[in-house]
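Worksheet: one structure, shown below.
A, B, C, D, E and F label the chains in the order they appear, each numbered from 1.
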Amino acid sequence: MNKRTADLLFEARMLKDLNRSGYAFLGNGRESIAEHCFTMAFICWVMGRTVSGIDPEKLIAMALVHDLAEARTGDFNYVQKKYAQVDEANALAHLAGNLPFGPDIVELVAEFNAGETWEARLAKDADQLSFILELKKLKDTGASFPERWLEVIVDRLRTDTGKQMAADILETRWDGWWLNGYRE
Amino acid sequence: MNKRTADLLFEARMLKDLNRSGYAFLGNGRESIAEHCFTMAFICWVMGRTVSGIDPEKLIAMALVHDLAEARTGDFNYVQKKYAQVDEANALAHLAGNLPFGPDIVELVAEFNAGETWEARLAKDADQLSFILELKKLKDTGASFPERWLEVIVDRLRTDTGKQMAADILETRWDGWWLNGYRE
Amino acid sequence: MNKRTADLLFEARMLKDLNRSGYAFLGNGRESIAEHCFTMAFICWVMGRTVSGIDPEKLIAMALVHDLAEARTGDFNYVQKKYAQVDEANALAHLAGNLPFGPDIVELVAEFNAGETWEARLAKDADQLSFILELKKLKDTGASFPERWLEVIVDRLRTDTGKQMAADILETRWDGWWLNGYRE
Amino acid sequence: MNKRTADLLFEARMLKDLNRSGYAFLGNGRESIAEHCFTMAFICWVMGRTVSGIDPEKLIAMALVHDLAEARTGDFNYVQKKYAQVDEANALAHLAGNLPFGPDIVELVAEFNAGETWEARLAKDADQLSFILELKKLKDTGASFPERWLEVIVDRLRTDTGKQMAADILETRWDGWWLNGYRE
Amino acid sequence: MNKRTADLLFEARMLKDLNRSGYAFLGNGRESIAEHCFTMAFICWVMGRTVSGIDPEKLIAMALVHDLAEARTGDFNYVQKKYAQVDEANALAHLAGNLPFGPDIVELVAEFNAGETWEARLAKDADQLSFILELKKLKDTGASFPERWLEVIVDRLRTDTGKQMAADILETRWDGWWLNGYRE
Amino acid sequence: MNKRTADLLFEARMLKDLNRSGYAFLGNGRESIAEHCFTMAFICWVMGRTVSGIDPEKLIAMALVHDLAEARTGDFNYVQKKYAQVDEANALAHLAGNLPFGPDIVELVAEFNAGETWEARLAKDADQLSFILELKKLKDTGASFPERWLEVIVDRLRTDTGKQMAADILETRWDGWWLNGYRE
């Protein structure tokens, strides 16, 4: 352990204080980056239980670190990305500098961004599935806009596993897990 | 994949909508269970980079699932635990039922709760370290109560790794990672 | 007066800092336990004006104390009650201990829970009517889920007075009291 | 029961959606009018247990109705009262009109405002004690301004019961009821 | 510059901490008075670009000062205005007293309230247009009540410029500015 | 008027839904971009009353439009600016395109950014003064960090008017405008 690790942990906890910027544009909902990362990491863990021939630890680790740079850069939605050139590499270099396992973070994010390995492709789908869960909840509770966005997001999925999970989510009520079997 | 997996994912995302109950008693701060789980999982990932002889995937997985039952039971702080007998086993049985990997969840939580394996001991320390990070931030931004609680929480730590990380956190300003080197 | 009374008052004010747990499962709305208790107490006062042959003070007092133990136990919704065994009696014993009028609290809650006296039956209906008011507001402002829940909650009512009040509420717009007679 | 009662109940529940205006001027804290009314009503119930020779139902009822007009007029703090002439009588006349027990509301508020009967004097002290509880919590959790205001508010108390309760509150930590006896 | 100017600036910033009271009655939405004033001032600036024969600085200045007295009086919605007689003149006298440019504030508000000059008529329409923008957003994101209110508010407009802007707003989706041309 | 104007107004109102990103890093406080723009515009109006030889309309207009591009790009704090290259020019080109007065917006922002004219220098100081007001309030209500930041921000001021206003603000309590003369 070294002192720089404490800095890194505070940097990661900053993701709790930063909200994902897309919801303001949707006009409803709210989610911290940390909440998104938890949901994505959990989806990755589930994928690791059901997909064979991959490294499950790497898959989850990608979810945990993939937005870490946003503690320094902020979160950018579709519109904001048109106008802001984010130097994620530099942000990662600064947060990972002098850390014994700093290179691990840099490599994991690079592999995720490249999206070529199976783990990266699944992690990218988990990123979208996390958003699909949120849109489905908003749709089930009465918002009018998710209908349109769900199509767009589902279209981003690249793996059969991800597509199947999305199809299941869209056929499932967000409150079915406790509502089915409700009995006074 | 089967339909029950979508239920499980919605159940996990419910942790975003539930706040940890301890902060109302502290009188300040706020944190969703999902935010806590992310921070703890990230700490576990860091531990996995620096501690040898353990299964890093299991360590992280424990963090991701250890509070899953709270989607059904709610989160209980120190006071509430005195009066509420929570049947976590039953909640886990219901959420894990009919899931191919349901037994994995049940076993991971059982191992975490037993606290005997190295992974479980480290994960339990990560659980406390996540809270220490939050208290340290509240202390650094002017709250008066964390001083008292930090002692109590630090005293719960059981591994040398956890104790060293806590000591480093307590010597580090929560905003040092971006403030050091500030230059107009 | 004795010192323990100040503890009790702080314990009652904690109900302002604790939100009712059901709304997270509905996916919309928010209400502190204190807000619920005020609404229920006010409904009880109204019942006391219109129902004869009861003790109106006792009826209101039940509303004020019926959730007091939740300062120590937390609030449990339908799902959480399946998994948590709450020792309300012990919580009440602790908060009422050494208080000159402590036994009054214990007895009022016991009578309420038993639901046998007229006051207890009316108070229990007031508890549901408070929720019906909230669901009706959510319905009138566009939420989709109250329709389903209103049936369930109305079905819990046990007194003619409660049933009549529910019927009137369901026929009344939540904003009718100021909107009728609106004139530019 | 008549239809106007449902209007009245929706009017009372509006107090949940309106925040007390003083906290913006203090720069910290938040409280809905409904939360204030619950706390005050509970204090009145406690007073009714310990003071003899008064009508305890009337005392509590005053707390429940004393701010009812604010659903129509809004809540006015010290500064706002300098500039706004509020026609509470007219607001009460409108909300109580055509209600069988409407005159009860009007009379209770009039008696409270006059502050001459014992019940009214105690209820007025309960109104201040509710604020003292809030300021004491803010003080105990680190805010700097309550010190000054507590003196001002305590000075408004008019009954020995109220003064004794205030003295006890000021000597009691807001979290003492659960913190004393804390033991890992 | 004199010391009283700092008081005035703190008084203006208080409009950030005060929410417009109408949204509680609508049952949805939220807006600080400062946010309203910004939107209205921006609309006035736009009007100044497109309408000839007026003093554009005066038009914008009216927007900036028209609600300044609300820092002392609070914001009153339709219902509250029926019961509260607000002495805006006195509030303005107090905030503008001893300020070199205090009379400018008083005169601008008086001209705005009189609604006779072109600048005042346009500023009054900008006040309504700011609300129309908010209602249109709420309508586009699924709320059910704006339909009714939009008619009422549009009917308050007095200038051709204001009526044309309202018609354009009502034909435009609130998210059209970024959504049109969306392309993955 | 043309249809594009409605798009522009919705774009400006988006500043109400976007919070300034600096407060998450300070660990306290909250402010929408629209609230910041109002405060800054009001300060500019005050400057226009007290500084001679400038164009007061231009000064205020700069405040109203200077952050308009942030509806598309988001708001960047000190840390985020290190890593994100924001193409404000492109964002302005898109929002101003096809608007009759679009070039006015582009020119005003360019003049503001260049900071060479008197109006631009004053507007830049008003931008900082708006933040100083907020930090002073946070300091007066008990936060520990503003002390450090106030020095940094004051050091950014470039005009005698701005420096004098800052000095007056720092000597004035945030609640002095209503607290002085408080009398029960």
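Just so we're on the same page, a contact is a pair of C-beta atoms (placed from the backbone, for glycine too) under 8 Å apart; a residue touches a chain by one contact, two chains touch by 3 or more.
In this text the structure is predicted, and so the values were computed from the model without any measurement.
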Subject >> chain E and chain C - chains in contact with each >> reply: A, D
Subject >> Distance-maximising chain from chain C - centres being C-alpha averages >> reply: F
Original post:
Using C-alpha centroids, which chain lies at the maximum separation from chain A?
Top reply: D
**OP:** Determine how many degrees of rotation, between 0 and 180 and to the nearest 5, align the Cα atoms of chain D with the equivalent atoms in chain F.
**Re:** 120
Original post:
Distance from the CA centroid of chain A to that of chain D, rounded to the nearest Å?
Top reply: 46
**OP:** Could you please state the distance in Å, as a whole number, between where the Cα atoms of chain D are centred and where those of chain E are centred?
**Re:** 33
Subject >> Centre distance in Å when chain E and chain F are each reduced to the mean of their C-alpha atoms >> reply: 19
Original post:
Among the residues of chain C, which ones contact at least 2 other chains?
Top reply: 25, 27, 72, 79, 137, 142, 174-175, 178
Original post:
What are all the touching pairs of chains?
Top reply: A-B, A-C, A-E, A-F, B-C, B-D, B-F, C-D, C-E, D-E, D-F, E-F
**OP:** In the complex, go through chain C and note every residue touching chain B.
**Re:** 14, 17-18, 21, 24-25, 27, 69, 72-74, 76, 79-80, 82-88, 90-91
Original post:
Residues of chain D touching chain B in their complex?
Top reply: 137, 140-142, 174-175, 178, 182, 184
Original post:
Can you name the residues of chain C that touch chain A in the complex?
Top reply: 25-28, 78-79, 142-145, 152, 155-156
Original post:
Touching chain E in the complex: which residues of chain F?
Top reply: 1-3, 5-13, 15-16, 31-32, 34-35, 37-39, 41-43, 45-46, 48-50, 56-57, 60-61, 64-65, 72, 95, 100-101, 104, 129, 133-134, 136-137, 161, 164-165, 168-169, 171-172, 174-178
